[in-house]
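Mind having a look at this structure? Questions to follow.
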């Protein structure tokens, strides 16, 4: 276990050492005859130790595929598709064998999935499932690992950990299962936690609990979190930085305050505007983004958002804009960005 | 658990009544009957046939015959054979061990082989092995069992003389395990062939199904290596539908055993059935139908209990 | 868990397989002179000789375990068994009017449980046959007994209601059962005796392995002297080819009943260390024409149809020439066979002429018809009998050539020989049957007009044949005690039947048996269905 | 992930695209098409009358005489003609049995699945009861019940093998009927019949179609079994099953008599099995290859 | 006040729990346990709550897609709770439903034209030609081109499908449409489109909506009045503004505080209730919310609070509001 992974650190201090995770030009092109689906199209971002990066996008934007790719969790035949680099603590994950990758997963990098109801093995006790990575990666005895599993359950706020450890997943509620999932993911105190829509399937009161828990666990363990969600409100409450994806690309990336205060990409702006909020005197109509996400065949040569964009210019349709810094830490891929 | 078994056994009663009614009806409404065998005897005359019909009780209305038979069953009397007057239960029970042995050995071979082939096929999906196994399984499923059996006898027993062509023991060697094993090889392989093919296909799809489940991805995401994922995570889950299949497989096995036993002269229930059907031995046929029905019901019950043992979500209700 | 257990089982199994393949195969090379193994395709289901159903199959336990009053040898002579001598006019066993029969029984015969055999057993056997509660296969002959008297322990006297010469045959076919055991049974039908028989025969039943074989042990106290081998094994090999294979390899010593497949006779004859026995049976195969159906009412039609068939060809090509052609209901070797009959088959032109003459003319569709009835009918036999199906196909083609359409409609044995036959519902049948009373030429049950079951609820004249002259001759035949008289009568009957053809004889069924050269005893006997008729005499040379 | 991307091709087009990738299935389909065509045109293709016998010409070897390309059988009938006509019989049995099976099974499955309650209990108990009988048992008992003709054998096979289909269909219907489009139809006031046959049935078509192809295969096999046991299609009508049975005695001396119909059965069953497998892969969304 | 279009009183939907041995009824899931609601013409009533609270069951029971176990459903003055299917037929035209899942709610084997023509076929309205015209008009109404009729549902995106679902609901010109989470499966940008469409249609056609949702932010944009459900019971009913800014029931307050807001750093001091929603098969005694309620009193565990009117149109079922 690396020292870095165990000690809670100040995120800013860690950033000085260079990023924990650097994703460079990640591309997943899937041939779906007669087209090629550019599901992930040159995605690059970095994540510092102890930091939470929110990766936000609507369905089909490629955010989940990005997460699965950097975990190397794609199944054949998709497993052969990705290109690019995923450098975690100096190691390019894309070059590791499945066995090498197995040694890393659950130890240095873990993942929490969207569906707590199906992500736990139904025929194994919760305790065993939490203990398993500890036995495997930390070399603990089964007994030790089981005890540690109960500790983990207590840590993720499960009231009766000893009982729950012996229970099977189907006896737990959705919220409890998601806590157990988090316990599994954090059992070996990984440096990076990838959380893919961890609260989407949960009720709003439980969602709030889980988000609080993630924040608390981050303080406790110091893991960096890649939080993938379609819900900008969740991002606003949880992330330090945000990357917005649209049609396989990151269109804007910024610290969370900066993005919400002054979104520069028209898509981000439209997205933010269309979120319904609880207001005393709401507008009679919600602002909407016209049109819909283009299908693989309809994706234009230039900026994928151009057909829906009110600020589109001729060159938008011709050539895709690069993701360029517009302000410190704030990058956007737009030929005609909104004002800061 | 006890409540579950009790309820299932209670539920079995109408099922058995249904089986007996359908079986009885089919048999007795069918043209022909046990008396036809007597017709082959040159000295028999119409008046003899009439007399025997009355002795066998076949002159009574069918519902009376059914009620008589059913009351017998309730008091543990499975009736007597028309030809020989032996208790039906004895006649069936003396054949049962041979059938169970053949079915058991064929099933064991088939499960082991089928499971291995299926799992390997699922793991190495679309590999050369997978394609060969899938094709081979379909090929095996396309063979009429009897044809394969005759070929096996022709090659191994007649031409090569490696193995005996039929029967269960060398005469005078009853009780000699080696002799039994020699006699068991060909019928087992023939009967196992089709089951192996079925099992390889089912286990392949069961494993494929399980391997695409979210929890398998979770296992992968926490660093469980492939072999352990297969054995510890996939296997118990994939075993469930396969065990259910095992329960459903019982009647199919009986069917297969019937043909195999006929070809190899295996002294089991299959041949008893064919003989009894030929002679219209109603009491034996009825007894065997009830027997297999009970086996099917027990098979399914055991499968359900086994599934509940594996899967904590399944409660025996 | 299930799967692990089975894995272990299979590992053991595959280890076993490896062992067996390595083991030398010694099966069946040398002779075990202590025993004789007989193979058949069918399995007897019961051992009570009064109840048997499968002639041939159940004759084996019957002959091994029981005795009749007298037997028939391969020459057709009666030889005494439990009777001291075969009753005849000469020895006073049969009264002058042929109505009173006296039988003296052998003394000192014991049942296998040690009880003495007496006249009471014979009386009990008779009573059982006539009992309404016992499914005896036939009372033919016994129903003529008006009075049965036990004179003393070793003499019985029977009084018949009318003279009946074939009465001898009735008793040779009926084995005597023990009074002291069966009289205690409430229901003979389900008595334990039926599976644990006690008899006076040359062997005792030692063990029975259902579906596989039966082992008989020699009876040391047999009244004709103990058998010459210690053990006799009756093995069941349901597949004929498999049984033939076992006879070739020597796994069995004698293959009988079913026997060598017809197409292998040439091959079987050539084995140097085996005897091939040509075994005639009393069976004759016929085409049965249902005279009650309008197409077949006219004897000319039946005759024309028969003329059109290639009978000899069917025997040559389908039975590989192994069957003798016969023109009557008797095998040509039978003492009463009418050798003057002329084979008129294979004459399509004659058949056409005869049909034209009878008024059946070809219609537009090529099928003959008369008065709006087309000459179209079905032919049935047991489904799955390949050779008979071949015959049917040949006859179908023969008849098609003369404008007659026949449709093959075969059914399982239990259906075709059920009411379909007994209630005369068929058009035509292809059927092999033996004469009605032993090998006596009496054929009353099959062709007397009173014996039509649909009309008179008795007999087995399923073809519904009616001919007053035949009736008269049949009634005469059974009263004639001189063989020469009888020959005359039955030749006449055969001649009429040959003209009117209610059933067209095809051939006499013959079986090919295969035995080891060293095995002595098995002797073809066309007068019985029982291939073990002299089993007490079988021995190794 | 890409689910919202509207596919321009039709559903059938996509199924066909997936099916086409399955090379064995394609081969199976072609074999089936060929067999069907040869059975359909058997009277034209067959060089001889399949029932015409001439025992003088029996046991001719294949490829020895151009009059009898595949030789002759034990009665001197032309094997090729009998194979072609036998195919007609076997395939008819297969198809008729399949239609019977699928119709009975689908009807009972839909009724049990959609109506639920007592109807479901009664129907499924009936299915359970039927499943207690090994199929060969039922088949033989029923075969003894009716004279073996082409139609009766097909119906008997069909009526003894529908239980599996009804279970599949019921399971599918139980799943489908919880879908909102059914609730929508009910909210519109649609009748039960309309819901069962217009809304549900077309959606259960995929598993039914797959079951259908596999049932053809198993019915062809079944016909050969019951022929083998002596209850099958009667001569002189040739079926592959009874050709095999007749050839039994010549297994070691004239093996091609058994090999040819055996191969024909195997080919047919494999063709339909591969076809069914391909359809299953193409129609079952869970086994899709695309993301 | 005019008579409401829909008035639901004491609505109950109970599912039996059966025993192992003889399938005897040994318990009951009270999915909907005495719900009172009313909807006026042209009004939107939102029914909110977490999963398992019975809101969808309530919606379906109103339409008689699930059989109610008790209570009355007065629609246009007539109680339809016990009507036979035949008696219901005329009411089927007057109330309709839009479902949550735009994939499952359209029959994948029918063309869009077939799906939209079904209402007319079922009610025998018009001939084929007439129906085609009506379908085209419906498609235009929901903003889709008439050519869409020839295509199959899978060729459309989620938002477009939801438009088709709305078009089907509108086909028979109903007075009431029940929206069962109609936008919760959609992406945010599409969600806004559909909300706007539904509001527009309401204005144009004078529809009344029962909008079932777990998303309070969405509800705040569409509802005139809001009813909050918890474990089969309505705990609070109030006009929109009152509910969002002056909620009285502790559960409503907790729900509101848990709603995440797209404003960084505005993570409020949450009063998130601890634990999960209990199973409706074995709800807590008394007030169902008491185990999670920060203000729970001994009485709450014993006695279910009755609903009390605390202000005009504002009813709360909480002992805190007891006089």
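In this document, chain identifiers A, B, C, D and E correspond to the written order of the chains, with residue numbering beginning at 1 in each.
Criterion: contacts are C-beta pairs under 8 Å (C-beta built on N, C-alpha and C of every residue); 3 or more make two chains touch, one makes a residue touch a chain.
All of these numbers come straight from a predicted model, not from anything done at the bench.
Both chain A and chain D are touched by B, E.
The interface with the greater count of contacting C-beta pairs, when D-E is set against B-C, is B-C. Between chain A and chain E, the centres computed from C-alpha atoms are 32 Å apart.
One finds 84 Å separating the Cα centroids of chain C and chain E.
Note on chain placement: the centre of chain C and the centre of chain D lie 43 Å apart, centres being C-alpha means.
Centres computed as Cα averages put chain B at a distance of 53 Å from chain E. Residue positions 30-32, 158, 212, 262, 277 of chain B each touch two or more of the other chains.
Across the assembly, chain C contributes residues 411-412, 414-415 that each touch 2 or more other chains.
Contact with two or more other chains is made by residues 4, 6-8, 144, 229, 248, 251 of chain D. Residues 4, 6-8, 10-11, 179-181, 183-191, 194, 199, 202-203, 205 of chain D are the ones touching chain E in the complex. Interface residues of chain B facing chain A in the complex, by the touch rule stated above, are 125, 212-215, 217-226, 228, 232-233, 236-237, 310-313. Chain A makes touch with chain E in their complex at residues 58-59, 173-176, 203-209, 211-212, 230-237, 256-257, 260-261, 270-272, 274-280, 282, 284-290, 292-293. Listed in rising order, the residues of chain C touching chain B in the complex are 1-3, 6-7, 9-10, 13, 16-17, 19-21, 23, 25, 27, 32, 35, 37, 43, 45-48, 51, 53-55, 132-140, 173, 187-191, 194-195, 209-213, 233, 235-239, 242, 245-246, 249, 251, 282, 411-422, 433-437, 445, 451, 453, 456-460. Interface residues of chain B facing chain C in the complex, by the touch rule stated above, are 30-52, 54-56, 80-87, 91, 94-95, 98, 104-105, 107-109, 111-112, 115, 153, 157-158, 161-172, 174, 178, 181-182, 184-185, 188, 239, 243, 246, 262-263, 265-268, 271-272, 275, 277-280, 306.
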